[in-house]
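Below, subunit A partners subunit B and then partners subunit C, in two separate complexes.
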Partner chain A sequence: MSARYYWGLHLGLIALLFAGHFVLPAYQHGNVARIMVLAVYAMGYNIAFGYTGLLSLGHAMFFGAGMYGMGLLSYHFDAGALPAMAAGIVAGAMLSLVVGLLALRTAGVSFMIVTLMFSQALAMTLVYFRDITRGDEGFVIPSATRRLWGMDLSDEAHRYLIAWGLFSIVLIFTLWLVRHRWGRVFVALRENEERASLLGYDAFRTKLGALVISGTISALSGAAYALLFGYAGATFAGVQYSIFPLLWVLLGGAGTVLGPFVGALFMFYLIDLSSGVTDAYMLIAGVALVLLTLFLPQGLVGEVKRRLWRDLP
Partner chain B sequence: MSVILQTRGLSRSFSGLRAVHEVDFDLPQHKIRALIGPNGAGKTTFVSMLIGRLPPSSGSITFEGRDVTALPAPKRVGLGMAYTFQITSVFGKLTCHENVALAAMRRLGGDTAAVDAEVREALTRVGLADRAADVAGDLSYGHQRLLEIAMGLAQRPRLLILDEPTQGLAESEIADFKALIRALKAETTILLIEHNMSVVMELADRVTVLNFGEVLAEGTPEEIHASRAVQAAYLGTGTEEASC
Partner chain C sequence: MDMPGTAPCVCPLPGGARAQDATDFMDFGPYLMLAMLEGAVLASVLALMASGLSLVFGVMRVVNVAHGEFYMLGAVMAWAVTSFIGGGPALAFIAAAILAPLLVGGLAALADIVILKRLNYDPERTIVATIGLLYILQQATLMSYGADARPVVPPFNHRIALPWIEWGEGGLAFYFPWGLSTTSYKLFVIGAAVVLIAALRLFMTRSRAGLIMRATQLDGDMATAFGIPVERVYAAVFGVGAGLAALAGVLIVPIQQAHYLMGGDALLLSFIVVIIGGLGSLAGTIVAAVLIGMSDGIISVFFSPTLAKILATLAVALVLVFRPQGLFGGKGR
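And now, the complex of A and B:
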């Protein structure tokens, strides 16, 4: 199918979410804003895992680097929203570069363990230097930072629109990237690294590039999360937040542009709805996840791609 | 006549087994050289060192006057060497078009139109033009071999190393393959590992015979065909090729 169709599909989702701003009831409006920010994280993760085949178990360190890079500048220096956001993004980019230079010397299970260890080290550092980071408690982002161009970012409407803007930018960027030759080389490396090297592609450098893009987008999400929802805490740098994007991407469809959003949306509402029914909501969510992995192993969007729309990016 | 590739004392052992031993090899430009030898003679090991898949235990490799012994594989490909795998190694989940596009893209960059044209031409030359949209993993073994060759062609290499390209091809496809290689001779230098003697006899300008990792003989196809040492080497391992 031609490019027109999938641009239509992706831009259609963006338009739909914009319309959501005007029609969604307050509770859903807040949820969707949060999901869009988390979907940015998932899209970042998907570039490393879904497209390049780098199974990281430590992406929370990039999310956390963004959150704390932005949060600490705000907390200690009363920085404005834009410089604080920039600090978060730069922190994530630099951390992913350093981690990549070291961790990409390994592959497969070793890569999973090395990324996990780095991430744990960062989480422990955040707890250890409690004078600076407020340790486990975390801290509230000062309201001075949560203003942008005269908008109050703690206001629901502004929050939604900024989340929507970031989500749209990252979605379009991802769509562009994966169809660009860099993105296609990412896939070649995922599928057969030796073959890709013998076609003349430097595997290490390409994977490093993919990891830095992935880590930087994850950091953008972490920084935006703190900015929009007003809080930075060490749990966001913990193991749980490394597993979440993996689950979202697997549920939605690894290596598809829409998969991360669909996965994050699905899991958010799965937990939300089942916790309304019973206290054992994690059990229901768990069973649903197992069923989905059994019957739709490619994830929701992944199955659409496999069955109906093979060249969906 | 200038030499495009040269090895001196090239050796590789696997925990004591001397797979390739002290090979001195000179390959002139724009020639077709066949590399033959019984199973396990070290042919794949030898060319793997040429392209950089495998580091040598000792010895040196010179490509177009430049010592490439320590250069990683992607850099050698960048200099104009290309290699097609003996055991097909296409991107099984991607389409034929995408496989060949990946081969062409490194050289042509982001110029989509040029890449598409190159892909179409390479697929046409191997006779897979109508399979462009098919997923590579769904192709028959023989067609995957042809796809490998198309990926080699799309790189427009200065030296093309083909490791048993005709294995698994039907007779008619072998005939097409011969015509293709003959046509390529004007553009590039070809090092061809081959078990099929009719391909060797018809295509090669010269033949190098490896046996137990060493060069046993080198000469024109006729000389090699008549050589008793070569026949003995093949008969010694019990393969039928010697009788062709």
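And now, the complex of A and C:
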């Protein structure tokens, strides 16, 4: 199908979410704002995992780098929203560059364990230097930072619109990237690294590029999460937040532009509903992971792509 | 130690400082010994748990992320068995040491048949599925057992004061410094781990079942051609691996209380051990467990346990980055 259809589909989702701002009831309005910020994280993760085939178990370190890069500058130096956000994004970009240079020397299972371990080391470091980071408790982002162009970011309406803006930018960027020559090389590496290398593509540099883009978008999401919802804590750098984007992307469909949002949306509501019933809401995440690997390895959007719309990006 | 000529010196600082050094040394020795004993207990439990992880990787070539939860289940089941069986702590403990590994091993074998077999043991999908299994086991424990940490009474627990040798005024002398002691149970844990690991080694090298496992490890297709039921071997190996973790959990629970989140740290440490020792190599695993357990015990006593874990984690990640082939059994995985 022609490009007009999938641009229509993706821009349609963006328009739908914008309409949501005016029609959603207060509670769902807050939830969808949160889901859009988390979907940015999932889209970042998807560039590494879904498109390039880099299964990382440590993306929480990039999310955490963004969150703490932004939060610490704000907490200790009363920085404004834009410089603080920039600090978070730069922190994530630099961390993903360093981690990529080291971890991409490995592949497959080793890559999973190395990223897991780097991420664990960062999470423990955040807890260890409690004088600077407030350790396990975390800290509230000062209200001085949570203002942008005269808007109060703790206000529900502003929060939703900023989340929507970020989500739209990253969605369109992803759609552009995966249609671009670079994105196609990512997929070529995922499908057959040896063949892509033989054709003359530099596998290491391409994967490094993919990981840095992925880590930077994840950091953007972490920084935005702290800015919009006003809190930074070490939990967000923990293992659980490395597993979440994997779960969202698997559920929605790895290697599809819409998959991460669909996965984050479904999983958020599944966990939200079950946490009303029990404290053990992560049980849902566990069951979903097992069932997905067993019965739906392509994910929801991936199934649509496989059955109905083969060239959906 | 002062030389006779310096005795009348009125300056108190150098002499005083030297005396201070001497006292520090006197305290440091017993303190170090205490740290090493704690480290040895940790090393024993770790060796048992990590050899389970290593066995599973060696034979099946999959990384079991849920291994820490089998350890936790062992501890929780030990609590359950000891609180429902009467007849004194010793009998209850023996029952727990038999029942908990059997139940956990059976559960793991079932998980292998229901989940891992259907994934064809694809390395990456298996990791994702065992992450799911991790949360299922952990959260199911939270729902049934609760969020409390609960103790298990050790079968025996005599306090043993330990002697220390000191160069006293009348030559070498034994004495018992205050605070330098261990319990008979901790010594038993070390002994039990040594016996169990020796038994595991004998089982793998001398028994027919061990031979079949090693044959499957070397070449699964060839083993199938010789009529070895590889699928059943995999289920058994996964069960035995989990059973070893559960046994480690049973042994540690009289020292450390049973808690539904205790699997996380244990998993991280076992990963560190098997990677340093070389995944799949039992001998390497034991050496690494002693190394990591002892140094973790010693560093944690003198410095911060978190710092020890941060350094160990980073070190292991770098080992994997720079020596992957040597540590993953020769294959560039």
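As a convention for this text, the second predicted complex is superposed on the first by the 291 of 313 C-alpha atoms of A that agree within 3 Å, B and C clash if a C-alpha of one lies under 4 Å from a C-alpha of the other, contacts with A are read in each partner's own complex, and residues count from 1 in each chain.
Note that in this section a contact is a pair of C-beta atoms (placed from the backbone, for glycine too) under 8 Å apart; a residue touches a chain by one contact, two chains touch by 3 or more.
Please read all numbers here as calculations on a predicted model, not as lab measurements.
**Student:** Is A:Pro297 contacted by the first partner subunit B, the second partner subunit C, both or neither?
**Tutor:** So A:Pro297 only meets subunit C here.
**Student:** Examine A:Met124 and indicate which partner it touches, taking first as subunit B and second as subunit C; both and neither are also allowed.
**Tutor:** second
**Student:** Classify the contacts of A:Asp202 with the two partner chains as first (subunit B alone), second (subunit C alone), both, or neither.
**Tutor:** Once the two structures are laid over each other on A, A:Asp202 reaches subunit B alone.
**Student:** With the two structures laid over each other on chain A, which partner does A:Arg184 touch: subunit B (first), subunit C (second), both, or neither?
**Tutor:** First partner only.
**Student:** After lining up the shared chain so the two structures overlap, which partner does A:Ala103 touch, if you call subunit B first and subunit C second: first, second, both or neither?
**Tutor:** It touches subunit C, and subunit B stays clear.
**Student:** Which partner chains sit in contact with A:Val287 here, subunit B, subunit C, both or neither? Use first/second/both/neither.
**Tutor:** In the superposition, A:Val287 contacts subunit C only.
**Student:** Between subunit B and subunit C, point out the one touching more subunit A residues.
**Tutor:** C
**Student:** Taking the two structures together, which residues of subunit A meet both subunit B and subunit C?
**Tutor:** none
**Student:** What does subunit C use to touch subunit A in their complex?
**Tutor:** 63, 115, 118-119, 123-125, 127-129, 131-140, 142-143, 147, 264, 268, 271, 275, 304, 306-307, 309-310, 313-314, 316-318, 320-322, 324, 328, 332-333
**Student:** If we count contacts the way the header does, which residues on subunit B are in touch with subunit A in the complex?
**Tutor:** Interface residues on the subunit B side: 51, 53, 72-74, 77-78, 83, 85, 89-94, 98, 101-103, 105-107, 109-110, 135, 151, 155.
**Student:** Show me the residue ranges of subunit A that touch subunit C in the complex, using the header's touch definition.
**Tutor:** 55, 57, 102-103, 105-110, 112-114, 117-118, 120-121, 124-125, 127-128, 239, 243, 246, 250, 278-283, 285-294, 297
**Student:** Given the complex with subunit B, which residues does subunit A contribute to the contact?
**Tutor:** 180-181, 184-185, 187-188, 191-192, 194-203, 310
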